[in-house]
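Going by the order they are written in, the chains are A, B, C and D; count residues from 1 in each one.
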Amino acid sequence: MKFYNSAEEALECVQSGQTIMVGGFGLVGGPLTLIDTLVELDVNDLTIISNNLGEQGQGLGKLLEQKKVKKAIGSYFTGNRDVGDAFQRGEIDIELLPQGTLAESIRAGGAGIAGYYTKTSFGTDLAKGKETKMFKDEEYVLEEALQADVAIIRAYKADTLGNLVYYKTARNFNPLMATAAKTVIVEVDEIVEAGELKSDEIATPHLFVDRVILAKKVLTKEGVVEHG
Amino acid sequence: MKFYNSAEEALECVQSGQTIMVGGFGLVGGPLTLIDTLVELDVNDLTIISNNLGEQGQGLGKLLEQKKVKKAIGSYFTGNRDVGDAFQRGEIDIELLPQGTLAESIRAGGAGIAGYYTKTSFGTDLAKGKETKMFKDEEYVLEEALQADVAIIRAYKADTLGNLVYYKTARNFNPLMATAAKTVIVEVDEIVEAGELKSDEIATPHLFVDRVILAKKVLTKEGVVEHG
Amino acid sequence: MANPIQEAIAKRAAQELEQGQIVNLGIGIPTLVANYVDHNHVYLHTENGMLGVEDVLEEDIDPNIVNAGKFAVGEAVGASYFDSAASFAMIRGGHVDVAILGVLQVDEHARIANWAVPGKNIIGVGGAMDLLVGARKVIVTTTHTSKDGKSKILKECKYPITSTRSVNTIITDLAVFNYIDGQLHLVELMPGADLETVETNTEATFVNSLK
Amino acid sequence: MANPIQEAIAKRAAQELEQGQIVNLGIGIPTLVANYVDHNHVYLHTENGMLGVEDVLEEDIDPNIVNAGKFAVGEAVGASYFDSAASFAMIRGGHVDVAILGVLQVDEHARIANWAVPGKNIIGVGGAMDLLVGARKVIVTTTHTSKDGKSKILKECKYPITSTRSVNTIITDLAVFNYIDGQLHLVELMPGADLETVETNTEATFVNSLK
């Protein structure tokens, strides 16, 4: 694990054609600093795995606007109508997953599980083309794991080893994505000494974490503000 | 969730023929009070899901001695030679699982996942008779979920709603089993008011917990002692 | 956002809840149900990773505590937070007692459609499919008819279904139906509604089980 | 429990470890490796749910902090605890850099047998199979021969294999082998051992790659 002074340096490893996981549920728990730097990078053909794809012209929405997104995998793109429009124009692929499947598939990707059977989506349009199997008289759908080259996530605090804790509902997809990407880049609100986070309360042990930066953008009641 | 005054009352629901999950890794994190009461109950033909089956004549070992165990599902029975002997005599069935598969199958049982694909055990005797499937040129074994009628587990503290936290390596299988049984019975070292456990640190939210008792048996440096 | 019709439906839905239940509220009318429950007795779960949701006063808002609709909420005593996989494990594993969901359509098999409209971009599903397979009881809340006066309670859903699972109870501005033994049963008229209005506005076949 | 031969093997195994690695130690000789690592630079993971294992003084023992062998251990600065599913997710998901394991037999394909003996009851496997599929590098430590003098480094394992995966390095009291491109390479003689003794006591075919 290594600390970086800026999002630019931490994101230098990102390349065109890669798959990037992006934490957060809307703005809550989103790696706001890293996202805003990601959209500035000269990369394209990205596959983005994230619950949402930002809003029109904001956050990940900018990446879409710049036509850098080849494919989006997530559960709820309705909040950004550009996504549907780009899909209609054939500019991007969309893989829509139930939110529980999105979360579970990311966990599976980090846990060495190639696929798993869930009842969710059985018999619906989202299960079309997917294998099914009967367990104890009930039908289940086979869902495959998701993995990424890079995950950008947000945590509340990191210690100097890279152990992470999260804050309230800003936890959401972040700890899962920390397990499922080759390079895990985290922005945090605070860095503390190793030993300051209680050993029973660490949500993401440091073995998952590669790069840490201090967040420059923070979500407040008044919206996203810069600090530091 | 309901508090009970004794292990006897909390375990009244246990019936012959049921499947019981028992937390702990050896004595560490084991529900010592509940186990000792379980072995006194007039029930038999039990299926026990637990990493170990106690030691000779101790803990779950007593249950075996009394011929109340029909089947044991776990990863490491070597510590109690009675298990192998009973198996040789045809008195019990044994389902031996890699420890990671045991843990993951219990999690799956609690999470609505019927089965999942893991590389673990592929090509070994433990995969005999199990389905396999290829994902990206690698072979995986299909493992099915585990569920139980009753789980008896140990936690460190419960609050008055039934939220739980665990202590150090006494966590192990306990939070998993809390999710995978119809009735979850917990013994704890301490009961605190709701609100005293920090909301970001609760390991088992109260929706999983049915019955709570105060532990009477505690593991110390000098072995298991009674208290309270 | 709330209007008296929606409030009446939400209030009626809240009456279905029992002490000690774990309840997940969908977006729209279901969110309003939170206003009518006693947070000491009913525990609200939100799929973005929280158990113990309650209302919050404007001055107490923490932008990092939100519900599935991304609205600011409060933290009840004894609340807990968890990641999305753990949250959906609760839902899919059968640990949520009741889900209250909005619908676009519901049919006489009590199957619902609430995630996609043909011809429009199918680009959002969220947790709807998960809640339908996992929640022990599913209650749907909806206006009985669409804005152009068409019944939302159809013989067969015209939009893509959300699950093959039938919901248990349908609460509209006109009536309450339970789905029992393969049939919709009209069990209650909402205040001000009469049987004829319900019959006129319901395409689905139902059994009149009014007492 | 430790004897000089075991200590020498453990000490040599520790030299394989690199700064910053996450390392899981099996039961037996591998446990002794903990005595030779710098806990500020190598992080020990134990599958019963802990990262940051270190030695503990008798007076500091906490009975609820144990390793996979159920021995009391200490908590390094920055240690963390997690449940068994999370722990094995780390192992199976490829997040452990090195596993050091004991073996009963290892063959010339570097496949190992360490969980079952035919004719004896097969009643314990623990985390061995998980570590073999998941750890990026697997080092095995063993005495070169069994107590009755038979080679443990065989053409083919006679006992049931633990995984189809080949291990990377074999460290015995006589020698160090690396498995490269489908062949065992003898890369080092242990202090006091000579090539003839290694050849005599090794049933498996190997390439002499001593420098």
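Here is the rule we use: contacts are C-beta pairs under 8 Å (C-beta built on N, C-alpha and C of every residue); 3 or more make two chains touch, one makes a residue touch a chain.
Remember, it's a predicted structure, so these values are computed and weren't measured experimentally.
Chemist: Which chains make contact with subunit A and with subunit C at once?
Modeler: B
Chemist: I want to compare two interfaces, B-C and B-D. Which one has more contacting C-beta pairs?
Modeler: B-D
Chemist: Whole-Å distance, subunit A centre to subunit B centre, using C-alpha means?
Modeler: 33
Chemist: Between subunit A and subunit D, what distance separates the C-alpha centroids? Give it in angstrom.
Modeler: Their C-alpha centroids are separated by 35 Å.
Chemist: What whole-Å value do you get for the distance between subunit B and subunit D if each is reduced to the mean of its CA atoms?
Modeler: Measuring from centre to centre gives 28 Å for this pair.
Chemist: For subunit D, jot down the residues that touch at least 2 other chains.
Modeler: Answer for subunit D, listing residues that touch two or more other chains: 75, 81-82, 88-89, 91-92, 133-134.
Chemist: Show the residues in subunit B shared as contacts by 2 or more other chains, in ascending order.
Modeler: 104, 107, 111-113, 118-120, 166-168, 171, 199-200
Chemist: What chain-chain pairs meet the touch criterion?
Modeler: A-B, A-C, A-D, B-C, B-D
Chemist: What part of subunit A is in contact with subunit D in the complex they form?
Modeler: Interface residues on subunit A, with respect to subunit D: 1, 107, 109-113, 159-161, 163, 179-180, 194-195, 197, 199-200, 202, 205-208.
Chemist: Subunit C touches which residues of subunit A in the complex?
Modeler: 25-29, 51, 75-79, 83-85, 87-88, 94, 96-104, 106-107, 118-126, 166-176, 203, 219-221
Chemist: Over in the complex, which subunit B residues touch subunit A? Could you list them?
Modeler: Per the touch definition, subunit B meets subunit A at residues 104, 108, 111-120, 133, 135-136, 138, 140, 144, 165-168, 171, 198-201.
Chemist: Going by the contact rule set out above, which residues of subunit C touch subunit B in the complex?
Modeler: 20, 22, 43, 45, 51-52, 75, 77-82, 88-96, 133-134
Chemist: Residues of subunit C touching subunit A in their complex?
Modeler: Going by the criterion above, the answer is residues 46-50, 61-66, 70, 75, 81-85, 87-89, 91-92, 116, 120-130, 133-134, 160-164.
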